[in-house]
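What follows is subunit A paired twice: with subunit B in the first complex and subunit C in the second.
Up next is the complex of A and B:
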């Protein structure tokens, strides 16, 4: 089971030395958002016939969408968050803006805790650009009125709102005459401009963009991104850009955070991250970007499988189940360690293979490569199996635990890697050359 | 600049599902057109009798045919004839005029009662979906209590408490109908609640009331409109049943349900007294149901109501053409060996 990890407080000190003047506009520390799997009193009650004692238990498991995220975002800068689908990027964005209540952690906006900022003021200073240009605009309302929404929420009077909306339509590259049109009369790119105009209307400080261009085709993406950077330069906007598209993030972000299963695994200035990656996941993610060079071989995915369930994340380092650079403890070969892992999971489930009846047959079943295992490791395996056969499951589990890889034992925390502004969370030594061909490390585990 | 000034092609966005757009699609459905025609005729009848009754004191219908309230004991239970095409009732009143006048009460009950249910159901459903939690539990459980009691019984109880009158009939049937609308609206609002434009409105800092009635309700109202047309027939029947039982419309106001009830006693000697109002109820209910069916088809994105060019499309012919096309072309079959460029699954992939 997951070891509770409190990320190092040091990760907040992300201050770029080059930009020491800017006070962080947004500070997030230890932010967690867990969604209960079963909501409501009755849905969470499960009937378990095999349980000892009372057969009804309460299922209070939860999906840990965001599980301990720290970062600081300076005014006028852009932080990009990248990661696979389902890693919690969007939940992070929604939690920061208050569409979801955080389970734990603190969000500080402009130096003040968000809870202490009045709702109305926070709404005036933060806005969001949504992913889907189709569903983020109400199809039954005129785009002018849609753009005016944040102004209406802030209590502007009608004539002023209209004036501002017309002005904004021009600013985002549309025409004033479009004020009275309906969203379905626009193309996807135009709708995303309307989306931007709505977010800009109240002149916020922070704009959170959740996949701002993923619903658009590539030429339109470039236009929207350019518009975003122009507006940033003009108004000093601060962006938090969520994306799964690395080229988008590379273009627009000053810093990039790589997210995996609810945690940041690597945070670095954009230029640096795209040349030096320390975390195997960041490396795999970046190597998956198609290379336009025709002489290079095609993209080969270094990762396989899906993101593990966020309701029951892997113990230790969350990435270890898919990591191509998994650390095999000394004395084990990759195959033998696979066998060890099978044995361990069976022991923790309290049921060995039914064909097993003594120590040697058990070792034969689980770890056929026993000969390659170093002496003391082998002894530990033997004693664990014999304890398990004696029914001393807890002791067997502890015996096996002492042999495990550091990747399974302990969750790594974000630590400075190579550069003061670069942080990664991995047990591998950060001296590892970042351009190493990790694909050759054939110890990848399932 | 993005295709500025180039209006987006309308055809791309036909899935918007607006109420007006849906209504225009109805022209492709003959059933609902027939239903609309029936309803239109009934509305004309009802309007005519309302104007005639309140403005001209039944002068027009008397001049045209006969006064629906005039009794003539000598004409008691007269057979249908040229003078009285639908015969006469127990008091010698002309059935045709009474049937025409009956449309007024039937339609008013339908429209007012359905209107009450519609507004009540939409508000309860939308509020309960939007706020969720205890509000949702409280509202929906109360509505389910209403649902648990048969509608007719509930209406009778209501009429017994507040006295039989046509206004109480409206209110009783309006309240009885609320649960069905509330459920439809709630399920719609539940899915709309999480749409991005609703979240955008929340982030804009708009009050919840505005979000509810400007973002959620207009986008979820379409199925409730279908529900309304479909239940209109039921309400008219229910009101007729109440009148039949003596709780609804009071004499001498002509009402189809009441006329059915009166005709029951003389079924053997004068079949026409019961049959013609029955036919009218049947036609009205059918008209509304046909319209409702059409509306439901039009709103189902999986159904095509327009005439399609696929009707004269022959699959065998198409297959033949495809076969000819594939044998002619010199395209190599798509096998893994042809993917030397590395696209597609590779053998070295980790599983």
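Up next is the complex of A and C:
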């Protein structure tokens, strides 16, 4: 992004307003949020006779809902985070706003660590808009009072609050007369307008929107998205928008992050992300969205299998269990590598197939395609099997490990792909998106 | 003769707050082997319309007028017992949005499937088990011979939906009604289910009525589409024809509201306002309160479906004259400039 045009405004303004464009309003680094699998003290303790010393161990496995997320969000811009259910996007939003205590990592707001910002100030400068306006608005309270809540928290007196609420009702496209009505008298779209009015009331810098239009009809979605864009232009708002809907993100975001199992797998300026996806998951996700235009490609379902559990994510690249571009190491065919993989998982569980009694029967059982495997790979398989048969499980495991695919060996980190502002976390090489002679760098979907 | 002919169907709900005219004079037809999409926003009445076909309307709702002919047989005159014995889950099956509402949590998927098969075909229990495994395999459930003995909750959301589709297929129905079957699923899971519907239609030659709010989904699954607004069908056409040459102002604005990941739009142009209540719908044309082209006449005259193209009808007064308008519509213009 470079350090362009840091105008004097940034340093001169009081902490009350966002800095000039180009400066991050929100910076998140190494952010993690894990939830214990077993909550409660007793549930997490198991009796373990084999444990060293005291025969009680704690099961401290955890759901890694957010597991190392970094980004910087410029003031006045919108970052969209997309992903499917269970990817951790909502937890990310809640953790940033302090509704969840982070497990690790740092959140900086307007240049300062969030921990050092007084809570009252942070609350005044950041607001959240939830998905289901029906349940997030208290049905027994008048909408005027609901809109005033944040103002009351900030100590505004009644008459001024009321004046502001009336003004806001108009700004979000409702009528001043609605002040005394109750939420149930409104449609879903109108309730989301009320939510926006409440979030705006205190003139925040940052609004975090979790599925802001999900569940609304398309025409209403469009109205709300337009309203959000207008409000952003008028007040210089910064948005973090969480959505499962790629279309929504495309419409509203400047930058998009695609999230899978607690991590960002691809981050890019919106237009780039939708024209060049490098990460196989981003590509699969996009090609699964139905497009009404009969001239555009239809959906293709490229992913098989379910999303793995976030408490025990796959080793290496978390997407490897479903990746259509999984890298098969040289010297293996896809079938032979599957056999290798079965062998490896049995070795790590310390039990070979009961049919197996010697090296050749083992190889026959696991890798019937052995003839297709390159010589040095074959030799490694043979020694691993004989080590396993000798009970030298650890050695067998190490022998097999050295043959594994990079997709399983190492977690890819976000690296620049094709453009300085575009990053993807995948071991495939990403020189240019349409680099024809490297089979692993296919272009996006078109 | 079409396999299914729905004519001038009216289904009302008699509630303390008034009469909800949920479906008010709806007609459509589905040929054998054809798939029809019924698309509309919430409150359009699309789900009530298809439930009416199956005789699934419960108090305080009632079909007050109209006819539903399936293979020439009038379904609105059948008793509940006849519908259950001869039509439902036999000639016509239905797939809902919420699979768990159709699957019984205390029985294995297999035993539920086998029951349907034994009831509806002349297979013996052991042949039924074989058929059940085959069906699970058909709908893309991996290791069906093992998973057949699992309970519904052991299946993921997408797999439950597939199991329900297997149930719907179990009796070789001639028509499957799908009521928003993928709305609750993630897109990557939905993509697989949509491909499955395509396959079913191809390999079993089953007719499908597919209810959805998503035009993209219609495009994937359906040959033809009927657009509903506030209890009425406003436009019907083969899908591509509808997309390229939408005639009804509501269809046009619906298409203009859709955001897709493929298009770069500076501003979407949504329809203003919200759908009025079906208790006191506007007189004349029901879309007139939001229609950019409404004229005085629209308040008084109820537009009827008119031919506006090849197997293409629209119910709008703009086309209710002998020489209908030839100038390009809003959407046709946007289509040309949008390339």
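Simple rule for what comes next: the second predicted complex is superposed on the first by the 394 of 446 C-alpha atoms of A that agree within 3 Å, B and C clash if a C-alpha of one lies under 4 Å from a C-alpha of the other, contacts with A are read in each partner's own complex, and residues count from 1 in each chain.
We take it that contacts are C-beta pairs under 8 Å (C-beta built on N, C-alpha and C of every residue); 3 or more make two chains touch, one makes a residue touch a chain.
Just so we're clear, the structure is a prediction, and the values are computed from it rather than from any experiment.
Once subunit A is used to superpose the two complexes, subunit B occupies space that clashes with subunit C. In the superposition on chain A, no contact is made by A:88 with either subunit B or subunit C. Legend: residue contacts after superposition of the two complexes on their common chain; A:218 is shown touching subunit C, with no touch to subunit B.
When the two structures are aligned on the shared chain, A:339 is found in touch with neither subunit B nor subunit C.
Of the two partner chains, subunit B is the only one touched by A:99; subunit C is not. In the superposition on chain A, A:284 makes contact with subunit C only, not with subunit B. In the superposition on chain A, A:226 makes contact with subunit C only, while subunit B stays out of contact range. By the touch criterion defined above, A:190 reaches both subunit B and subunit C.
In the superposition on chain A, contact is made by A:306 with subunit C only, not with subunit B. Judged by the touch definition given at the top, the superposed model places A:175 against subunit B, while subunit C stays out of reach. Only one of the stretches 183-191, 201-209 or 291-299 belonging to subunit C has C-alpha atoms clashing with subunit B in the superposition, and it is 201-209. Comparing the two interfaces of subunit A, the one with subunit B and the one with subunit C have residues 187, 189-190, 220, 223, 298-301 in common.
Note for the complex: subunit A touches subunit B at residues 94, 97, 99, 119-120, 123-124, 126-128, 130-132, 135-141, 146, 149-150, 152-154, 173-175, 184-187, 189-190, 193, 195, 198, 202, 220, 223, 297-301, 304, 444, 446. Contacts from subunit B toward subunit A in the complex involve residues 1-8, 10, 13, 16, 18, 195-197, 199-207, 210, 214-215, 218-219, 341-343, 346, 348-351. Residues 84-85, 187, 189-190, 217-223, 225-226, 244, 246-248, 250-251, 271, 274, 284-294, 296, 298-303, 306 of subunit A are the ones touching subunit C in the complex. Those residues of subunit C whose C-beta lies close enough to touch subunit A in the complex are 41-42, 156, 158, 186-188, 190-192, 194-195, 213-220, 239-240, 243-244, 253-255, 257-265, 267-272, 274.
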